[in-house]
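Lettered A, B and C in written order, each chain numbered from 1.
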Amino acid sequence: MLKYTELVLDHFKNPRNLGRIENPDAEATEGSIACGDMMTVYLKIEDNRIVDIKFESYGCAANIATASMMTEVVKGLTLEEAKKITWKDIVERLGGLPPVKYHCSNLAIDTLRKAISAYEESLVGK
Amino acid sequence: MKVFLDNCRTTRVLPEVVGEVEKYMLEKFARPDGLYESAQEIYDELTEARKFFAKTINANSDEEIIFTSGATEANNLALIGVARANKKRGNHIVVSALEHGSVMSIVDALKKEGFEVTVVPVDHEGMLRLEEFEKALRPTTILVSVIAVGHFVGSIMPLKQIGEILSRQDHKIYFHTDAAEMYAKMPLDVQDLKLDLVSVSGHKFHGPKGVGFLYVRKGTKIEPIMYGAESFDKRRPGGENVPAIMGMKKAAELAFEQMEESYRRLRELQDYFIGRIESEIEHVVLNGPRGEKRTPYNVNFSFSFIEGEAISLGLSLEGVEVATGSACASESLEPNYAILAIGGDHERAHGSIRFTFSRFTTKEELDYTVEKLKKVVQWLRNISPLKAER
Amino acid sequence: MRVYLDHAATTRVFDEVAQEMVKLFTQFYGNASSLHSHGQEAKKLYEEARTKIAKHLNVEPEEIYFTSGGTESDNIAIRGFLKANFPNGGHIITTQIEHPAVLEVAKQLEREGYSVTYLKPTSDGYVTPDDFRRAIRKDTVLASIMWVNNETGVIQPIEEISKIAREHGIVLHSDAVQAVGKIKIDARLVDMLSASGHKFYAPKGCGFLYVSKRVKVEPIMYGGGHERGLRSGTENVPGAYAMALALEIIEKNYEVWSGKVKRFKEKILSAIENIPAHHVNGSNTIFSHINVSFKNVLGETLATALDMNGISVSTASACSSHHGTARSHVLEAMQLEDWMIDGAIRISLGYDNSENEIEYFVEVLSKEVDRLRKMS
């Protein structure tokens, strides 16, 4: 029924950038327990660049794997570059996902973008 | 170590059963309707098989056993066949909220043919609410289908009381049960329970896949759902799957031999397993009833703050195979309705794991499972943004 | 000596196929719909089987649906097609010589308000393309014409009928139960095709149905939505795998095996030629079948006599014998003389028959016909 690629299983077994950041520059949570899919992303930003990113996840293997891959992809990118990353990019990098799981990848990107927006909004008025 | 704890979904075929299947594929392969001696032998053996199965459920006659390609087909024949044949008398069908998906799909399809369906709720333990059940019956009710043992939360339904309620009605209401999780695991007496129709699946008690049977009480008004050459029975045409039937018979013989002892032994293991999980892992909720109301073959827990598909995949990577009620694990992305039916919320469904034993499950396997479970749960809870403060 | 010449009724599973099935029963027994590795492995084998069978028939894998056998496939094809496209009625063309799995469905459909034309065969046992064309009406929605007749082995003119059906936009189903594994089939000629595993050395209890992508069919049974909703029920992985493997084995050995069987058939036919007052029922028959009648000898009596010599053949259709001596509806439709109908036996050869067996059979046949005639 659900066939995961080796890469997805790897990111599931060994997620990258797991955990929290003390005093993050931005933090965002998307999804809900009711949906069975939830993620929190923490960002450390310097000179508009994501120097550190961590995540926590409540959800299925695809959820964990896409979050992990997403953090790997955007770590070190500028905010502008990070905003351009799409869910399809994540799926491609993972070597594909069962279509029914695409929404997990969506969640990862949505959470990232929400964190970036929160950061940018916090700058306004500074 | 590999531990298979998804026996409710399917079981491994026993070597003795494989031997039977092989024998009938390679040596005694004739059809029962041939005109030669080897065919007559097969015919006689099939009749013996029918008699055997009839005896296992205390049916009155071997003619009341119809071999099918499995429980799904048996359910289809029972429900569609009886509904259509009794349409003139009424169009109302009553089922429980814990029916197996196949039954729900069938009654949904029957709605399109003009039948009305009432789904009677269950309580928080997964037991049918008998008062509401009785109230749901109408003069136009022709058929009731209640699963014998809930396949997700393991509740043993009050079939005897249901049978009694139905016998008190002033018109005949056919009583069907999907007994896939009861047959060969605990006693099933169709006279005692006043059942008219019973579906049984071969691959649930170490028989081959692709075979099952439907018990149809003599006198039941029922139509076929397929047409063709009359094998033994007009109600189910097509060549009999002799190897699988004989394999199923062998599997049943072995299962019934050990039925009582297995029930006792697994009850102990079940208590032990539940005890360990509840004392060694925090924030867990047992889904379904405790004790005698529950089949000893089923344990189902929800683990807070983490998600079922991830848990089951994590366990699978450690060699333990289970099932989950999480939406993420289903094609339809809907949480398991059984958890919702017993009053659980979506979160509880998402975090649910079902462990189902076979009569060969050992304490060693369960100890291994608990260790791996602790490891996986701990690890996933570490990654989860949800914490106990909630 | 035991000689099995009733392959059209059922066949013995190939040894290799049985071995593979044992492996599947004991090792890869996972439910193909579940997440864990046991299930995933099973699923992989199941889909591989589908792909192989599709290739064998020259169609796409997603056009193959696994069922519990030929009868079920016929039911899904005909009833499922009508339910999905013409639930309120219409005209169906079939033949008088179809297998009961199609005939009984047709009769039931008549009871439900459909009109059915049953094409009459020639005395040689086939329905003609012209008769098919003439039967077409404005409200014809479906045709079901078998590929090879199970009793006589007569190969029906599917190619020509297919052309006509296409011309008129009529969906064509074919019960190919007796053809699959014996002759090369290009399923593209038809829109739906039924097959049954135990006729081609795969086990009983499994079959498949080809449904062209262009055609919509609804299920007749409901449940977990397996086979893309068309046929619910836990996947019978060993059965599916067995069918694909059996066809593979047949393809590999086809030249040698079919040559062998053809020779055996010729040998038997020569022997029959030497028996006076005989009639071979049907022409343009497949290499496995010989349906023959001997005057003044009842088919059933001859079959019993052969059985007493260890030889298994059949008479009328295997399927009607539960109910006493039913007369063959096929031979009756061919309007053969009474003695031909009552005297008919069906000899169906298989790839596992040997030279010795055929020689023995030929000897016994002549002897028994002679003996029985002296008694009558």
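Everything that follows uses one rule, which is that contacts are C-beta pairs under 8 Å (C-beta built on N, C-alpha and C of every residue); 3 or more make two chains touch, one makes a residue touch a chain.
As the structure is a prediction and not an experimental result, all values here were calculated from the model.
Closest to the protein's overall CA centre, chain by chain, comes B.
When every chain is reduced to the mean of its CA atoms, the largest separation from subunit B belongs to A. Here B-C and A-B are compared, and the pair linked by more C-beta contacts is B-C.
Computed centre separation for the pair subunit A/subunit C is 57 angstrom, with centres defined by C-alpha atoms.
Distance from the subunit B centre to the subunit C centre is 34 Å, each centre being the mean of its Cα atoms. Once the centre of each chain is set as its mean CA position, subunit A and subunit B turn out to be 41 Å apart. Shown for subunit C are the residues in touch with two or more other chains, namely 33-35, 39.
For subunit B, the set of residues touching two or more other chains reads 309, 313, 329, 331. Residues of subunit A in contact with two or more other chains: 1-2.
Listing the residues of subunit B that touch subunit C in their complex gives 4, 6, 9-13, 15, 17-18, 21-22, 25-26, 29-31, 33-39, 69-70, 72-73, 75-76, 101-102, 105-106, 108-109, 201, 203, 208-211, 225-232, 237-244, 309, 312-313, 316, 321-324, 329, 331. If you check the complex, the residues on subunit B that touch subunit A are 305-310, 313-314, 317, 326-329, 331, 333, 335, 345-347, 349-350, 382-386.
Interface residues of subunit C, counted against subunit B in their complex, comprise 2, 4, 6, 9-13, 15, 18, 21-22, 25-26, 29-31, 33-39, 68-72, 74-75, 99-102, 104-105, 107-108, 196, 198, 203-206, 220-225, 232-239, 300, 303-304, 306-307, 311-315, 317-323. The touching residues of subunit A, counted against subunit B in their complex, run 1-2, 4, 9, 12-13, 15, 18, 29, 33-40, 56-64, 100-101.
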